[in-house]
Amino acid sequence: NDEEDGEKDKDTGETADIGGDERTLTIAVGSDMVTFDVHDHINTSTEAIHVNMFNYLVKRDNETGEILPDLAESFENIDDLTWEFKLKEGVTFHNGDELTSADVKYSLERVATGEELKDYPNYNQIKEVEILDDYRFRIITHEPEPVLLNRISRIASAILPSNYIEENGFDHFLQNPIGTGPFQFVEWVRDDRIVFEVYDDYFDGKNEEWDQLVFRVIPENSTRVSELLTGGADIAVNIPPADWDRVADHENTYLAQETSNRTLMIFLRSTEGYPTSDQRVREALDLAIDNQAIIDSLLGGAGVPTITRVAPGNFGYAEHLYDTYNYDLERAKELLAEAGFPDGFEMTLHSPRGRYLQDAEVAEMVAGMWAQIGVTANIEFMEWSNFVELRNANENEDAYLLGLGNSMFDAANALDWYSADRFEGETDYRNDEVEELLAAAMTNMDLEERNEQYIKAQELLAEDAAHIVLHMESINIGVSEELDYTPTMDEMIYVDTITRK
Amino acid sequence: MPQPSIMQGPARKNSKLKRWLKLLFRSKTGTVGLVIVISIVIIAIFAPWLAPHEPNVIDPVNTHKPPVWMEGGDRENLLGTDNLGRDILSRIIYGSQISLLVGISSVVLAGIIGILVGLFTGYFGGFLDTFFMRLADSFLAIPNILLALVMLGVFGPGLFTLILVLGVTNWVQYARIIRGEVLSIKERDFVRAAKSIGVKHRNIIFSHLYPNVISSFIVVATLSVASTIILESSLSFLGLGIQPPQVSWGTILSDGRDYLATSWWLATFPGLAITITVLGIIFLGDWLRDILDPRSVK
Amino acid sequence: MEHALLTVNRLKTYFYTEAGVVPAVDDVSFSIQKGEIVAIVGESGSGKSVTSLSVMGLIEEPGKIVGGEILFAGKDLVGMSMKKMRELRGNQLAMIFQEPLTSLNPVFSIGNQLAESIRLHQKKNKREARKIGIEMLKKVGIARPDKVYDQHPHALSGGMRQRVMIAMALSCNPQLLIADEPTTALDVTIQAQILRLMKDLIEESGTSILFITHDLGVVAEMADQVIVMYGGQVVEQADVYTLFKEPKHPYTKGLIDSTPKIDEWKEELVSIPGTVPGPFEFPEGCKFADRCPFVMDKCKAERPTVTKVGKGHEVRCWLHGEKVVDLNERASFT
Amino acid sequence: MSEHPLLEVRGLQKSFDVTKGFFKKEKQYLRAVNDVSFTVQNGEVLGVVGESGCGKSTLGNLIVHLHEPTAGKIVFEGIDMSALSREQLRRQRADIQMIFQDPFSSLNPRKRVFDIIAEPLRTHRDLNKEELQQEVLDLMDLVGLNRSFLNRYPHEFSGGQRQRIGIARAIALRPKLIICDEPVSALDVSIQSQILNLLKKLQKDLQLTYIFIAHGLPAVKHVSDRIAVMYLGKIVEWTTKEELFTNPMHPYTEGLLSAIPIPDPTKRKEQRPLLEGDIPNPVNPPPGCKFHPRCPYKTEICMQVEPEFTDKRAGHFVACHHPLGAEKQAEKKL
Amino acid sequence: MNYFLKRILEIIPVLLIITFIVFTLVFIAGDPVALLLPEDATTEDIAALQAALGLDDPFYVQYGRYVMNMLQGDFGTSFRYGEDAMLLVFERLPATLELAIASILVAIMIAIPLGIWSATKKNSSIDLVATGAAVLGKAMPNFWLGIMLILIFSVTYSIFPVSGRGSFAHLILPAITLGTGIAAEMTRLIRSSMLETLGQDYIRTAKSKGLRTGIVVYKHAFRNTLVPVVTIIALQTSTLIGGTLITETVFAWPGIGQLLIQAVNNRDMAIVQACVMVIAFFVIVMNLIADFLYQLLDPRIRYK
């Protein structure tokens, strides 16, 4: 199909216009943005919109995982607790104010101290921001913080205009937000659209491709796909597997896929008394699952089987545990027999429904695979909020299905799910060796050594079959044939990277 | 004169049944309705014997198989398979169980509450009545589906909660109807006659009022079974309906909605099943209204 | 009689119900002269209303006129086109009904409903119609007619509403007025007022009336000619004096005797035994056979035919086969 | 026992709150029964007549305690009913029964004849199955219902038969007093006299006492010993039947009498005096004598002063400033 | 007029009961804090946020606070959006009203002719077809119809835009989707109401005046049929608003329905409360208006 692209312009030109004029980019998203208070949401899809009007001090290269300057021109580690930054000069907010260290201090300290803010838990490691001059400042942490740079390259570290907010109040800012990004805010019609226009004085150069940027909120999958197909949207995110072929085969559109940083896992309960407290049982359950078969039949082949949560591009990535999986029915049966369950056993698998790509279907398939080794898994599907409650109340049974993202791109975040204290009463998994490694790595500023510690921990966890890691999900975006767009692993939609062919 | 016995009862009942059947077959739509409803009830009862496959068995190889008459379809799965390769016909057959169960039991539950409240408030009036009517107004001001949504969100979806929720959201409508009927019937002379005889209130309510209001309840209730089946499918659409592995028509239908453009049969056949059932129930309900209407009893 | 205003000839109106065919009007013949008041009397279900509705052409599904003719001013109304029928209705043929409560449309003002037929049949505009309408209301004895004209039916009492109905019926000077039990729902004192009003108005305009009632008292007060119906058939007809003096049908006699009289003192009232049978329960022969004290074998076997027993006096009874029997001489009912 | 009249009603009043709207300062009351007093002796029949809406049914309902009186006393067998406890009252209901006007709404359509007639027996007497059935069958014989009807439903009967069922129910407990609320108004003429005869016969055979309510005088004439005429919630005349018919003293009674159509064309009262106008709205009754707006004899005093209800002659109570008989007698004296 | 004052005053206890019902439900549901925090939040994080939001108070304190605030016009703050809940609801209200009114119009346009038509031609094949259509309309779930309409009219034939709110064209498919279900109910009710009216005595009177069938049906019968129909439409408001929940989701219509569904999923108590209050108030007002129309249309009530 790809070769024919050029000739199709005539057909597509007409329909594309329904969405707006030529220089407007319309992106259909599944849920509305939550707020412009960048510190008070945990919503990846909101951040995906925000990145077009705000900037962080640094940005992560999606290819290499390297941390690159963004608003900051340079940065350096002074000591265990201190990082010094220098800002680029001439960066302006959309109201023309110049970006200074004061803005950084205001932004980061707001979230680092604002207990009622939803991102507070991820920023309370920062003690203060010390201003050296208009362009130079230091970030001081409470404890050694090896992942500080990762932290401030993501959600809630956008730099806000402190003067503007002080003059007009935060509510005014929420109604009329301004940032430093390539696009500036025009309007937000809730549950309908968020409109931006290009910012001429963007410090990294004005976006010449688009004058206007519209995010349309279309919750119903098939409607979103229909909008894409009819040209009502140029890009549509979260295309359900059901429609992949339709989008890919349609003459006006193609499907752009990328592996995300989200892992689908089955958490097992190691609490005394549960069959899954026996390592052999856990391993058997893992061995019984044919990860690739799930990916092939439910995810149209898009997705990467894995044994670890830490994917390429993340700090602490263990290559030999990625893009592979264990599958051996015979061994699984043996292990079960050894563990004292020659005839299998009955267990409960909780699963959310509609939260992750094909989550319910995956759960059903997993149960089907377990049935082959004699394990009967009764699936209890739950609506998301009930599922959250169940976990908070530690009422989970043998196993539950969960998909975990990691916007920090650091193994610390990923492996914290095995720390014993945090999951006492919930999974009750404890591996003292892993505990030690994680604790050491947490504040270890020697990156090399830290990397080793995490890889070691992952190996131990794999051996122990602590939880079952199924696969990395794919990001599935439908794109108009007229556009070039490659999604990124972090699930952000960087409009600067979207171009007309 | 030979002593007539009270035991003539059954014989007369029989002739009543005959009269009804006669009336039934005179009404074309009534007949159609009854046939549909009986068939569906039979299908629901005998689902395990009628269904060619287990409803939940996944077959990753045979997903999205079209119905038999289309290219690619075969006899194994007459109505095709869904995204997990499950047999749609079997799922629809099994789905009838839950759909009917939800429809009927929630209506019965709502009916019991509604009838009792309606009878007592209508008969006694006074403060209790005022209170219940305000309560009824409140319930009526909240759309059914909204109340169900909130309640299911609160208690979590599931068969039992669903029945409970639908029952609780619907009782008001019956209470109102029954109360209205009671208000008019209690002014009728036979109730006043009973009062003047000194019959106890409880007996008046249950032996005079109840038999006279029950028919209008039955008429409304039949139709509610239909609306409830539809409501359940709407809740499934919102993710709050019946949860797998249990199957209802609503869940099959809403599971299939992502595939309407590619595998239309996933959502269309359960939709058709709902349509036919509703049609049957409505026809039956209309017929019931005609024959249970006291004006038609001549 | 060629000059009769209305001649009904062997009229048959049947209802094809789910339970079977109901011969509501079964071979009914009578005629009405100009300026005459003819009363149809009979018990509930005897077919009085159906007869009158047949004349008005208002029989509806599942009913149907299956035989006979209705000659009005020489034209047969049976089978007349809807359009022509509508021109007659409300114009030369008018009707008032029993229930004053329900016979007026509750949502329109009196004036609106009154003006409707005036405008339709007399081609008057709204203002003229209003004038005529108010005039008519005054005529039927309504005080403050201009106020009542703009009121809605429910502001009026039953008697007033019946007056409005009469005003409506007479507004286009009909030649024949059919009054189907116009006073049954009213109190005696109001009934007396309405009856007098009707009589007075008739005298003025020369309109004929087909007056339907089940009260022989009213018949005696109002009628010139009387038709007695039973089970959808005319069992006797005669002028009012003859009928009351020498009833020839046992049923007529029974009706007269069982009508309470204010000036009579009796230990036990006369009554007709049994009840009127349902539409499918009439006996084979004479429909009155199983309630009749004079019943003969023939009555049970054969439907009686009409016998002429005097001038304008006809009766449907086997008793008067060879010679006319005087029922008054027989102690018939107890 | 016999020292008391069976029933004594003193100053009985019943007002219905008919206030419209929520914030009306003044409540509006409809005095359906307004200061009514009379006595009924054991074994006698009191007829109560009056136009529609004059409060007859309300009076009957008060006596069987379907309504609570607003004021006044009902003394039954010397016992003040308002002094009874609820349970006593319930027991007492066995002694006072009621027969209703509408034979269709007075029988529960979902119950069989047996259950309908047996209901009072089940409520007040402890009978076993056979006794109960025997009792019901006896009652059916008594009111002339075929025993084979035992298991039928009411809709299978004609009006007259239904009324018989209602009568059987009312006499089942051999009550001392029966209120008959227009028991024959809804029936055909030929059936009316059957029921009246039956009631009369039962009264004699079972030594019953009736309060017999009716619209018009002809109906009560036959059964009553004494008659009370009501107008707008008040009794305006109360005396023996003979006295009332021969010597009516209240102008309203006279009007009622003259409005009755006579079933004899030879006695047409062409220009008899008729009462004019309608009954006034009972919520705003006229001042003075309630009847004055319609009274042909009214004078100044009638418009202002409400006449007292006194016996103008022995046993003949009238509420009128200008009683007719008195004038006549005065004339006679002159 | 007093009657209306009474009716209006009756709204107050009704609204109070509604707040109580919903508040209780949401309270039982548990607090939303866990949902507000990331998947990896700790128990301490949760407790901290709970205290910050005042969610650790007992029920009556919370309810009392809610009612007191409500009386001062403060319906609480959305946890999710951090904004005044009532403002959020009012922001969406116009869209929902637009859709609701358009749907009612669609329903009326379908139901009145169909209902009258099938009543006047009772038991004919037309009647049967109309009844069948009505039943079908009732039996098709809204979302199924909506998606189908999009696939047919937007994707295949490009006649109407797929989704969103904007031009008149945007309104058509959602209004049809929502209107059809209500039309089905209305048709049946108009038919039976019409049938009943046609059997009334005054219809016979009208005919006896020699009026044309058209006038008899459309003047005399229809005005009387309107009385129950107005009430039915008012009673359907509740169903209608319920229907917007689904229709709005399918057509990405930015109204209350979508807001509400998300609020329920996120335990956003303030928004759920505010939505329910607004919807209930709207339904009640519609019923009041119906009552008023009732009096206008049926003079009987005025003279009662």
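The first chain written gets the first letter, and so on, giving A, B, C, D and E; residue counts start at 1 in each chain.
Everything that follows uses one rule, which is that a contact is a pair of C-beta atoms (placed from the backbone, for glycine too) under 8 Å apart; a residue touches a chain by one contact, two chains touch by 3 or more.
What you see is a predicted model; the values in this text were computed from it and never measured.
C-beta contact counts were set side by side for A-E and C-E; A-E has more.
With chains reduced to the mean position of their C-alpha atoms, the one farthest from chain D is A. Mean C-alpha position of chain B lies 50 Å from that of chain C.
The geometric centre of chain B is 49 Å away from that of chain D, both derived from CA atoms. The centroid of the Cα atoms in chain A and the matching centroid in chain B are 45 Å apart. Residues of chain A in contact with at least two other chains: 222, 226, 383, 385. Along chain B, residues 153, 257, 260-261, 298 each make contact with two or more other chains. Those residues of chain B whose C-beta lies close enough to touch chain A in the complex are 56, 58, 60-61, 63, 83-84, 152-153, 156-157, 239-240, 243-245, 257-263.
The touching residues of chain C, counted against chain D in their complex, run 43-44, 157, 159-160, 187-193, 195-196, 214-221, 223, 240-241, 244-245, 254-256, 258-263, 266, 268-273, 275-276, 278. Note for the complex: chain A touches chain E at residues 15, 18, 31-32, 34-35, 37, 40, 42, 115-116, 118, 120-122, 174, 189-193, 216-220, 222-224, 226-227, 229-230, 232, 383-385, 388-389, 392, 402, 404, 413, 416-417, 422.
Contacts from chain D toward chain B in the complex involve residues 61, 64-66, 89-94, 96-98, 100-102, 105-111, 114, 119-120, 123-124, 129, 133, 137, 147-148, 150-152, 155, 166, 169, 173. Taken in their complex, chain D has these residues touching chain C: 51-52, 158-161, 188-194, 196-197, 200, 215-219, 221-222, 245, 255-268, 274-276, 278-279.
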